[in-house]
Structure formats: C-alpha cells, structure tokens
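Each chain carries a letter (A, B, C and D) given by its place in the written order, and its residues are counted from 1.
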Amino acid sequence: MSGLLQEEKVFKDPVHKYIYVQDQTIWNLINTKEFQRLRRIRQLGTCFLTFHGAEHSRFSHSLGVYEVTRKIISQFERNGYEDWPREERLLCLCAALLHDVGHGPFSHSIEKTFGTHHEEWSCRIVLGDTEVNRVLKEVSPTFPQKVAGVIAKTYNEEIVVSLVSSQLDADRMDYLLRDAYFTGVNYGMFDLERILRVMRPFQGHIVVKESGMHAVEDYLMSRYQMYWQVYFHPVTRSAEVILHKVFQRAKQLYEENYEFSFMLSPLLSLFRQTLSVDEYHLLDEAFMQTVLMQWSREADEVLSDLCSRFLNRRLFKYVMLEHIDVQQIERLRETMAGLGLDPAFYLEIDFPSDLSYDVYRPGEHDEKLPILLLDQRDTLTEISRKSEIVRSISGIHMGKYHLYFPEELLRAAPGALTEEQRKLLRLE
Amino acid sequence: MSGLLQEEKVFKDPVHKYIYVQDQTIWNLINTKEFQRLRRIRQLGTCFLTFHGAEHSRFSHSLGVYEVTRKIISQFERNGYEDWPREERLLCLCAALLHDVGHGPFSHSIEKTFGTHHEEWSCRIVLGDTEVNRVLKEVSPTFPQKVAGVIAKTYNEEIVVSLVSSQLDADRMDYLLRDAYFTGVNYGMFDLERILRVMRPFQGHIVVKESGMHAVEDYLMSRYQMYWQVYFHPVTRSAEVILHKVFQRAKQLYEENYEFSFMLSPLLSLFRQTLSVDEYHLLDEAFMQTVLMQWSREADEVLSDLCSRFLNRRLFKYVMLEHIDVQQIERLRETMAGLGLDPAFYLEIDFPSDLSYDVYRPGEHDEKLPILLLDQRDTLTEISRKSEIVRSISGIHMGKYHLYFPEELLRAAPGALTEEQRKLLRLE
Amino acid sequence: MSGLLQEEKVFKDPVHKYIYVQDQTIWNLINTKEFQRLRRIRQLGTCFLTFHGAEHSRFSHSLGVYEVTRKIISQFERNGYEDWPREERLLCLCAALLHDVGHGPFSHSIEKTFGTHHEEWSCRIVLGDTEVNRVLKEVSPTFPQKVAGVIAKTYNEEIVVSLVSSQLDADRMDYLLRDAYFTGVNYGMFDLERILRVMRPFQGHIVVKESGMHAVEDYLMSRYQMYWQVYFHPVTRSAEVILHKVFQRAKQLYEENYEFSFMLSPLLSLFRQTLSVDEYHLLDEAFMQTVLMQWSREADEVLSDLCSRFLNRRLFKYVMLEHIDVQQIERLRETMAGLGLDPAFYLEIDFPSDLSYDVYRPGEHDEKLPILLLDQRDTLTEISRKSEIVRSISGIHMGKYHLYFPEELLRAAPGALTEEQRKLLRLE
Amino acid sequence: MSGLLQEEKVFKDPVHKYIYVQDQTIWNLINTKEFQRLRRIRQLGTCFLTFHGAEHSRFSHSLGVYEVTRKIISQFERNGYEDWPREERLLCLCAALLHDVGHGPFSHSIEKTFGTHHEEWSCRIVLGDTEVNRVLKEVSPTFPQKVAGVIAKTYNEEIVVSLVSSQLDADRMDYLLRDAYFTGVNYGMFDLERILRVMRPFQGHIVVKESGMHAVEDYLMSRYQMYWQVYFHPVTRSAEVILHKVFQRAKQLYEENYEFSFMLSPLLSLFRQTLSVDEYHLLDEAFMQTVLMQWSREADEVLSDLCSRFLNRRLFKYVMLEHIDVQQIERLRETMAGLGLDPAFYLEIDFPSDLSYDVYRPGEHDEKLPILLLDQRDTLTEISRKSEIVRSISGIHMGKYHLYFPEELLRAAPGALTEEQRKLLRLE
C-alpha cells in the first residue's frame, strides 16, 4: 500500500493555497480516525475568546506542517543537495503530519491539572493499536518506531528531527502563518517562499544561507509579535485560568467523592489517570465543551459558576503587576473569602511563559536546535552572533505578572476593599 | 443602559479587519449567553469536511453582518440621504446581529428531520425569557417585537428589512467574503467597499446607482461561483446526507422505543418536539458531536455505523445522474438490501437546491427583494433588465441529481452488481 | 552559451511572488538592450491617467508571461504528459518572453496614426541585427526564425503557439492579474494555480479538464470585468483620443512642411515611415513624453494645446450615445468651428472595441484558438457549449458610442449651443 | 472656490483601496500641472532596476500621504479630541499633498551633483508663480506661506508639522506600504489601521497610546527591513553610482566647453545653476531618460558608455568592504587607469546612509520628532525607553562600505590585477 498515488490529491488551503499529497501512506494517514479527530481540537485552545477568527483546528495545522515539510524536501531534491538523506523523505513527512496527533482539547489546562503530555500521547497513538499504527507498519515493521523517535526528538538523524522541531521548523512556520491568517493580525506574515529558498541541508544540519539572514530576522520578529499580541494575550490567559480552575475543582470534587450528575467514562479515566488510547480518542473538544455545558448545571456552585463563566465568556478581569507583594496577595485572599469568593478558585497570578513559545534563545539548556548561517566559505555561525536584531530579541524577557480575579470584586460594596486593594485593582 | 459606549469597542476580524461597536445595546447583546452560544455552531455545517478551513462559527459571521450593516448606515448618514430613516439605525443593527441567533447545529439536516426552523427560533430567542430579550427591552418595551419583525420580514419598513434580507443584503455580503476567506477559494471576493459606495436609500428601497452595475455583476458572479464551488459541493452534500440518515435512524429507533445507551434531555425533547428555549440553548454543535461520538458505540449497527462514517469522514461516494430512472434505482435498492445495506439509510438521491442559495431570481414568488438600479433621471430598473450578465445568470439552473451510496458497494463481489449497475456506479 | 544556469536566478515579482530563470538563454535575453527597453514602455498606455497605480511596464509583464509559461510547462513535465513535445520548451519560453518586445510607446495611438504594428516589430527585432537575435542564434541558426514564427502565429505546432496566444494563454493570464494588481481593482483576480492544474496537452492542443470548467468561467468573468472596468474606461479612451489627435496634427503639420522647433531623428523617420530597428530602439515612452513636453511649447496652437491637455491631464469630456445621428454631429462640428475649436482635432466619436480585447468569441473568423474542455471519455468540447455563463458572455456586445469633446464647450456662452446640443452634451 | 466639493471624488488606489477627496482646494491642487508632473517622477528612483515592480510615481505616493493624513485627522475629529486644532485641517492636507511637489528626476544623484534640494523646490513651487500657488491663494493670501512653512518644518504648530514630518508621519506610513506593495516584498506591511487608532493629539504633539506600543514596534521593524532589503540594496546603489558619474562627467564636459550634440535648455540651466520654476517643470524623468538615451550616442566615450550602462542595465559590480584601506584603493585606481578605465568615473566607494532613511534615532541632533507613548496617567515617554526592541534597533548601525566597479575589471587579462586586487574583487 505504500508508494505514490496514481493521481496527486489536493486540499484547498487558505494559507498555502493548496496542499499536495503524493504518497499513499500520507493519504491513508489523513484518513485514519485518529487524524480525523484533530478536526475536533482547536489549534489555539481558548484564543478564539480573544480573536473570534481563531477557530481553526489542529487538523488544518497538521496538514500545513506536512505541506511546509514537503516543500522544503522538494526544494532540497530539486537542487540535488548531497547532504540531504533522500531515504528519509517519507519519515519526515509522516512525522510532520503526526507530530500533533496526540493533542487533546485545551491541552494547556488539562495537561497542567492532570499531568498528561501531548507529545507522549502522539507517541502512544503512533505505537499503539490504532489505525495510524497500522498504516505506518505497512511501510515497514519498524517504521512506527522511527516516526515516534522523530516526534520524541530521539531519532539519531538531527536533520530529520530539525525539520519538525527546531528554531526554524515546519511546525512554527505553519502555525505563525496560520494563526496570523485566522486571527486576522498581520504580525505573523513573513515570506515563507523566501525562507524556503535559503534553507539547505549541510553536514547533518538544516542551515540558512547567510544571504537569507534578513528573511530569518523577519520571521523571528513575526514570532516575537505573535507571542505578545496573540499567544500571551491576557484575555486568552484569563480563559485558560478559568478552565484550569474548572478542572482543579472537578478533580477536588472527584477526590472528595462528590456525586457528579453528569459523568462519562473518558472523564473518569482522566481523573483516575488510567486513560487508554481508545478512551483518549473520545476526549475531544466537543466532548469537553459538552462536559462544561452539563457541569454549568451541577449542584456544586463553584464548578457550575466557573463553567458558565467560560461558556458565556464572562472571563476574569486582570491587572498587570510590576512585582508581587506576597502579603498583599494574602490579604486579598482573605478579603475575597470574606466576600464568599473562594480564592483557591477565583484568584490567580499568572506569568506568561511557555518553553515552546520562547522568541529565540540559542544555546540555552533543553533548547530547540538553534539557527545556523552558512557563509560563502562554508562556515557556520549561530545567527544571533551576526544579527544585532536577533541578539536583541534573544535577550528580551517581557513577561509580566498578571493578577486574575472576577469582575464582581470591582463591584463589591464600598468599604469591602481596603484602599490598598482598590489601588491594586485600579479602582482609583 | 442604551446609548453610546464611552469608548468604542473593537474586535479584530480577518475579513473586515476591525469590527467597531459604538452602542451599549450592541455590546450587551454580544455578551449574552445566547449570542455567545453561536461560537459553538459552525457557519457552514458539514462544509469543513470538504474545505478544512471552513471551521468558522456563526458568531464571527453574525458580527460581520452587523459590521456591514453599520458601514452601510454610516455611509447613508455621512451623505445625509433624506430617504434614510435615521431613527431605525439601532433596530437595523440589532436585527443584523441577531438574525442567526436561532441557528442550531447542522441546521440543514436537523431542520429536515425534525421540522424545526432557525428563523422561528431566532424570534423565540428574541421574544422569550432570555438575556437577549432583557437587553432589547432596555431600549423600549416594544423593541424586541420590532427586532423579531425585521427577522421575520414582517416589519413594515421595507428599507429596514432589506438591509438584512434582500438580494443585496448585509448577510450575504458578509458570508460570501467570509466563506471565501476561510475556505481559501478566491471566488467569493468582490469589492465590498465599492458596493457600499453605490448603495443608497431611495423612496423606501435600498437601491444601487447605475454606475455601480458592474460592481453588482461582480458580486452576483461571486455568488454564482461560491454556490457551485462551495455550497453545493457534492462532498459537503454527502456529509449532509449521512447526518440526515443518522437523525432519521435515531428518530425511527426512538419511535420504536429503542433503549439508547446515551441520551440527554435536549435530545429527547427534540424527538418529542417539545424543545424549550432553555433546552435549545444546550443543543449546540459540541453537544451534537458528542452525541454522534457516543452513538458511534450504540448497539444498533446502522446508527453506530453512520455516526462513525461521519466522524471519521468515511463519506458516501456519489455519481452524477443526468436523469432518474425510477426502476433502475428500485433494482439498486434491492441489490443493496441483498448485500445487507438497508437502502433506506444507505442510498440517497440528492438535488442541490436551496431557496436561500439561489444565484438570483428576480420577480419569482416568495423571493427576496430584487436589486434595483437608479439612473440619473431617478428611474428604478430591476438589474437583470439592464445587465446581460445578470440576465443570463438568473436563467441558469445548473443543479444535477447525485446518487449517494457507500464505498462498499464499489467493492462488492463480482457478480453482486448487474452490468447496468456497474455502469451506473462508474465501475466500468 | 545555451544550457542551464549554474545557479537559478530569481526576480522578486509582486504578482507571482518570484520569477525563476533557469536557462542561460533566457537570462541573456533579459539582459539585451532591446528587452531592457521595455522598462520604458508602460503596459497600459494612457490608463495611468484613470488608475494612477497603472504605471507598470511591459518589462514586468513580459517577465510575467515567461513565468506563467514556465509554470505550465513545468506542470506538464512533472505529470509526464505524453502529448507534450518536450523539445519545444525553450522555444515556448523565448517566444513568451519576447512576444511584446516590439511594442512602442502608446502603441494604440501611434499604430492608428502611422500604421505600424507591434507584432511585426517584435519579429523584426527577433530577426534583425540585434542583441536579441545574437542570443537566439546561439541556440541554433534557425532558432530566431522559429521564435518569430511563434510570435507571428505561423509556427506549425499549434500547441506551442497556443501557449503564448490563445483564449487561455500565458499572455492574458499574466496581464489580467498584473493589471488588476497595479490598478488596484479586484476584478481581475482569478485562481491562476487552479487553472494551471487543470490544463493539459492533448492531441496537439492545450485543453482544460472538464472538472476545471468553473475555474475557466471565473477567469473569463475576470476578463469581462477588466475590459469594461479598466481597459475600455472612457477616461482612458479620452486620453487615447487626445494622443491620436496630437499625432494626427503633427503628421499633418509635417506634410505641410511646418517647421517644428523640436524634432529628433526617430520622430522624423516615423513621419517618413522609414524607421529602422536601430531608430525604433530610441522611440520609447520617455522619448514620446519629452516630445509632447517640447511640443507643448510649439508655435502651432492646436498641437501645443493638445500636448498640454495630455501632459496636464485636462482630458476631453464625454457623453455616451445610444446611436449616432450623423446630421446632429455635423451641426455640432459647425458650431465648434464657429467657436474656434477645429472639430477635426477637438471632436471624436469612439467605439470601444479591440480585437485583442474581446471577452470571448469562439469560432469567429480570425479568432484566437478557443477553449476546449476534455471530459473523462477523452472527448473535446468547446467550452461555451457546456457553460451557460460562457455562452452568455460570448454573445454580449456592450460597446457604446462615446462622443469626446473639450470641456470648454460646456462653458460656451449661452446661446452658442442649440437646445439640441445642450441636451446632447447633458447640459440640461 | 474653497469649501467642500458637491460630491466626494474618489481615486482607486491599490494600497489604500480608495482615496477620498472632499475639498475643492485639494481637488484643484491635484489638477495643477505641477502636481500632475509628479506622474513623471518615479517614487524610488533607480530601484526599479533591482525590483522591477517599483515603477510607481511620486504622484501615487503624494495622494497616499494625503489620504493617510486625511484618515488621521478624520479619526481625531470623530473622537472629538480637544487637543486637535480643527482649524488646521486644510493646511495639513495641503502640506501632505504637496510635500514632494518639488522632487525632480533621480533626486539623489542630481542633488548630489548640482546641489539642488527638493524641499526647497517644493517651497519655490508653492510660493512662486504657479498653478499651485494660485489655488492656495484662493484659500487666503497667506495660505501658500503657511503651506511652505509646514513643508520647511518652520511652521509654529508642531502638531501640524509632525503629521507630515516626524518619526511616525503620514509620509513614511504611505511609502513603506506603497513601496512594499509595488516591489512585492512583504517586509513593509504593517497594520496601518491599528496605528491610526492608537494615535492622538496631546498637548501639541501627536502621541501614541501605550497600548499601541507593539503596533509601533511592528512599524519600526518594517522600516528596518525595508531599508536593508530595498532602499539600501547594493544593486540600486550601483545604478545611483552610475547616474552620479554621468552627471559628474557631463558637468565636467560642460565646464570644459565640450560641444554636446544634444542639449536642451533646462539642462543648460541646471549646469549653470540658474533653473527657474518654469524650467524645473520641464525637468522630469522622461526628459532625463531621453537625455541619457541621446547622450548614449555622444562622442565623449566616457559619457556615452556610462549612459548605455544605465539604460541597458549593465550596472557596476560590487564587493563589500569591512574597512577601507586607502592605499589599496589608490593602487586599484592606478591599475584601472592602466586598463583605460578612468577611476574618477569607474570606481566608487559608497556608504549607505541617508538621514531620511534612518531606522529610528531618538534625540539625535537634527532628528525628526521622536515617537512618544502616552500612558494611562497621561505621562509621555519616548518609545525606546519602554521598548527593548526599539532600543535595540535605534542602536543598530549596519551600513557597510561597498566598492563599485565595472564588470570588465573581473575579465581583465591574467596578470592585469595583483593578487591582492584579485582577492579584493573576490576573484579567488
């Protein structure tokens, strides 16, 4: 069943115009139920509550990552670069397509509460008793293992891993363009075609010709802008905070043997941390939204209130904190408790940082592979050593603490808040 | 609470760049739970299974219709047109925003099976005991009734109705642009700014200056292309056919007192045709997808199979029929039954036509208001009398019958199908 | 010198993003002085006086035609179509690049006055003692003759000619997109990538797969819109009329042995109809504008006035005529003469039609090759027999007569015009 | 004649979609011969030799600057900002429209050789005996003086000057977007609508709300990219170098009483530095290109050769120099002289810097007004004190020396160049 399709298949895509499928294996993977499930997982989690256009799914993004990878490889092949290991083509394409197949609904909040990890689930789906696994095994018995290796970044060919996961990988290139397109912000637009033209395989790395330095600067600036304008937008974070509180509360209730009026098996297994690959399949975003909707009618007032807030977009308000005064926060907790708002579920201090969303930090521990420039004398230099712009971005650490709290606090009776607290909450 | 907002609110929108909210009432309507629910209803139903980008919601579209209406009115006001009834501004904006608030999940299939109607539900939500109703009543006690009147097209000012519902209304202008943007097809792109500039109120109608005739032609050609390229795409119809069969089967099972292993109240009321506004709120697309997912594990094989097909996108295949040979179809039904495929649920003849999706038919019964051109001597002429292009589109009737059936039929044992049937299904 | 370049050359292009040059011959042709001269000829002649963005040159367009041709051929090669004569690749590319190399400044008006013809000049440049000719001869001694044959449409392989010159050729595909881009109108935007995907060589023709019919309809509608919105815009025609009058007057003066205070050799040869290829090279748009500028100071008042009108954009006004009343026009001529406006140079009746700008007329005499659809049974059908839209466009004949005249006529003393004339000129 | 037009006039513009003219004065200014002349001056000088799309004129740009200014003012008026001096509206619009009216052809090279200055010419045209002056005087007798004051930045209302000329002015906002559009590079695209929304008048300055900081960062990054990718592109500079050499040579010949076979009056006055406003009008780019074309046939070989190089795009080659070794350059001059290439006209060291093209340097002497952020407590802060990105850009100084020389040098006989010189010219 592997090999080329008799006739190329084409998907219309708003970002890349068309997505071309030439391999039977890729076509079969797209048609597995595990890959189709990605249609039911939004790419940007709660971001649609800030940017209403951001309703696109991980399905679209995964096709996009595949397409960018296909374009890169096709350029490598057309140019006949000797350092490109041609035999790895299908492996790269499969890993690109499947790298997010383990993503669950609202990954951020669920992973934070239940300690799951989407990359691990991707590997479980690739290796488990799944349609995906069956398709991959048709290539060769060890092929699933190789794909899982690339996703887990343990595969021994750096060049393969770096196509899917590095500072300049197909994953980021697609999501920046796609998220910019669907949110409608212009910031994420960079010249993909130009970047592809300056990439080349070189001594086991994917590198960039020095003449393409400005194109990479532009791409990194897009990243910088998208992070602060879109990904770390405080309204999106506010929705994440509420979701996290929902799951925390539910977990607490479960542990206290609370009788949920609505409970379905995959949810139970999530609480028990015994999710099977089969049950994981049921756990899509439609499911989680139905759970939230049903729980918005639960007897437990904290749980039902938090769910309603999320569904009806009555999000927490926020203020930015220059620094954190622990005692001041403590006093606010007490005040809130006095007003009947349990601070464990109605107050949060959030610091926007996410390893996968760093702008660019070469050389740091546990970092993705850095971007290397190749000059005319075939010397490699890490980009921030040549580009002042990149150097200045790398050093930037713009995260600010935000305090999230319900709007009711702002409408509390006069005298309910101290003057210090009114200042903190920008009431005067 | 009505009146202007202290500070204009802005939504980032990929189609119109920004959506501007200036009225407290509009702001409050957007924040009702009934309007927020539209985030959980896809604008194009099953179309995302054909065009993966088409995952946008009726929430985005409703904001867009509001924005187009706001732009039209603002142009009318800036030009000081005397025939524009300025006092109807807020009514137009509210009706534009709310005209789709009653849409349910996969409206097409559900309405077909259960006889509900989204326009009716929009009115029930506007008039019922809802947050939307409370916001509207703050404008005036009779305001909800007026808004419902505009939505139901019974309001006595044609000019108000026609902004929201005519051959050149804000609804279509937004959806053509939006659906083109999200699917990624270029066909729907027309020059909105130019069309807005040539519209004007005149003697109780919205008309178009004759100099804008070509702009309208372009808009109608966009419509024509979108209908045949996107809205009537046979793959989308195939998914609709399956959904319809799912609901038919479930209804049949319910009527036969089948014991569903998964059943929730709004669904039960849907079967019983006793849905309340409150229950309707729960019936969003997340809910319906969860139902499909749960039913994909039902004991009834027809139901579970059809649900799996939909979720995992194993849609029905199709062939185009030049005409229908009733006896031939009858023989095919028998053959299918012999193969264990109940033709009641596995065979469908579909004819793509939908009154709301006609390209343009002036003067026909029950039609939306036609497009009138205003010449320099203040004479009105229906556009197809001046434009050969429009005239030729109006007459076009391109629907073709399609026969939908499961792929298994194509793989049936040799001899299972007659030669006639093999030809019909394009097997030879 | 022929063969592939060591390294692909790339031009940044706003319409196609990048233009790729792989052949040494193409690179050398671009660098000839005859091709570089196209930078000094505007693509749309006087259209920039209507759409100020339309300042792009035939240089850009010629590169674009080359690039579209390259893309088509590359698709044919990638798909391995047997009916594609691979050995004609370079010939197609060269003819595509050079088809407009003989265009002069403001071709329309100059060709009309002096009877020159740009296609003929293209062939003279290809065959004459030019840099272009020398580059082509490096391919083979007979190569220039072949290129000229394709340009003149006498080459015996229809498939080669039709790439550059047919109803669906690279020339039109580029200019529709390019002119739309630079003028800023949206009408010309069609989905180039999709059209390229459905084209294929078949039995000596370039045909379109039937599944691509709607894409071709969209392309033809773009053409229709561009013709009436851009190419036949009456303001552009007004500028053409003035230019034509300028050249007519100058020719008349020359024939009357008028002493021009400014006259340069290529101009003289144009009057004498003895232009050599060498002199033709000097005759670019910069030259003609300098001539107009200098002539705007000539002693002859008609000549200087007409030149000033063109340079300072004081164009003729116009009215549309439903039909032509010869005697009425005659009376107007007399009135104008009485007002000191020589009607030979200040009045024109224009009918917008141009064989190269027909929307689509299959089968008519002297027509470009029609568009053929290829169905699944390998039958060819001319498109207007399958598409109602195309059929209706083909029949449309929308040209209207326009009467052009100077604005002064509208400001003539009361009584200078008869009532009939005031009505004709829309003064009452 | 001043006042509002009866009916708004509209220009189709590819960058801003439409340009709206509401004032009779603006309409009349556009129709002056001095403003129409800008159609014959390219916006980006020689840049079209690098980016072939860059053929747009200063006419388009000037309309664009006017439109951006109009949008800013209209936003200020709509929001009713008290710090906006409403009576200055027309002054701002006129100055915006006319700020470039004094630009000549290839300003850079001509200004460098002959010491003219376009801003001075703008003022001469505004104040001299011109159509522009007559239109302005209709507003009030002192109005031309005021417009000239704004252009010369001496007008006493900073807020008026800064709209047209500051670090965030309408001029730059238009040219970045326009130049990006016509060259086809994406780098210059920033979100104009968002920047306009965050600008406001405040205590005599135009400032930016702090919440718009990221939008300004994005705009400054666009500038940074456009400077290095487009404005300082070494191929464009190469063409400038040649033009400069042409004018230097011609000036030298003139001073040596050389008999030019082609010479016209405005050129003579340019040499004599006695250009009148009337003669300046004749000096457009068409004229200069005709001069170059005629001079390409002059007897003086240096002059004719340089002109041919420019017209036929046989530009100088270049190498980047890390530093300048004066003696090495001196030796190269000698070598070139020995090869018959006069180093005075065939060698140039260029350093790309241009005060009008700095990325952003707040507080430096003679600088344009810096960008000020307004926080919620109404405090103003210069942006680079809050934004690390801006701070890092401000410090960047990326200019590199380039050595320009004719390609012939690379093909000189073996032994003609020393080993050092071959290294310098990258021959080995």
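We adopt the following convention: contacts are C-beta pairs under 8 Å (C-beta built on N, C-alpha and C of every residue); 3 or more make two chains touch, one makes a residue touch a chain.
Everything numeric in this text was worked out from a predicted model, so none of it was measured.
**Q** Under the document's definition of touching, what chains do chain A and chain C have as common neighbours?
**A** Touches both chain A and chain C: B, D.
**Q** Please work out which of B-D and A-D is bridged by more C-beta pairs in contact, and write that pair.
**A** A-D
**Q** Comparing centres built from CA atoms, which chain ends up most distant from chain A?
**A** The chain farthest from chain A, judged by C-alpha centres, is C.
**Q** Need the CA-centroid distance for the pair chain A / chain D, whole Å please.
**A** Roughly 44 Å, centre to centre.
**Q** Please compute the C-alpha centroid of chain B, do the same for chain D, then give the distance between them in whole Å.
**A** That pair's centroid distance is 51 Å.
**Q** Nearest whole angstrom, what separates the Cα centre of chain C from the Cα centre of chain D?
**A** Taking the mean C-alpha position of each chain, the two centres sit 32 Å apart.
**Q** Hey, what residues on chain B touch two or more of the other chains?
**A** Answer for chain B, listing residues that touch two or more other chains: 17, 185.
**Q** For chain C, which residues count as touching chain A in their complex?
**A** Per the touch definition, chain C meets chain A at residues 10, 17-18, 193, 197.
**Q** What residues of chain D sit close enough to touch chain A in their complex?
**A** Contacts found on chain D: 185-187, 189-191, 214, 217-218, 221, 224-225, 228-229, 388-389, 391-393, 395-396, 398.
**Q** Touching chain B in the complex: which residues of chain A?
**A** 11-15, 17, 31-33, 36, 39-40, 48, 51-53, 55-57, 59-60, 63, 181-185, 264, 282, 284-287, 289-290, 293-294, 308, 311-314
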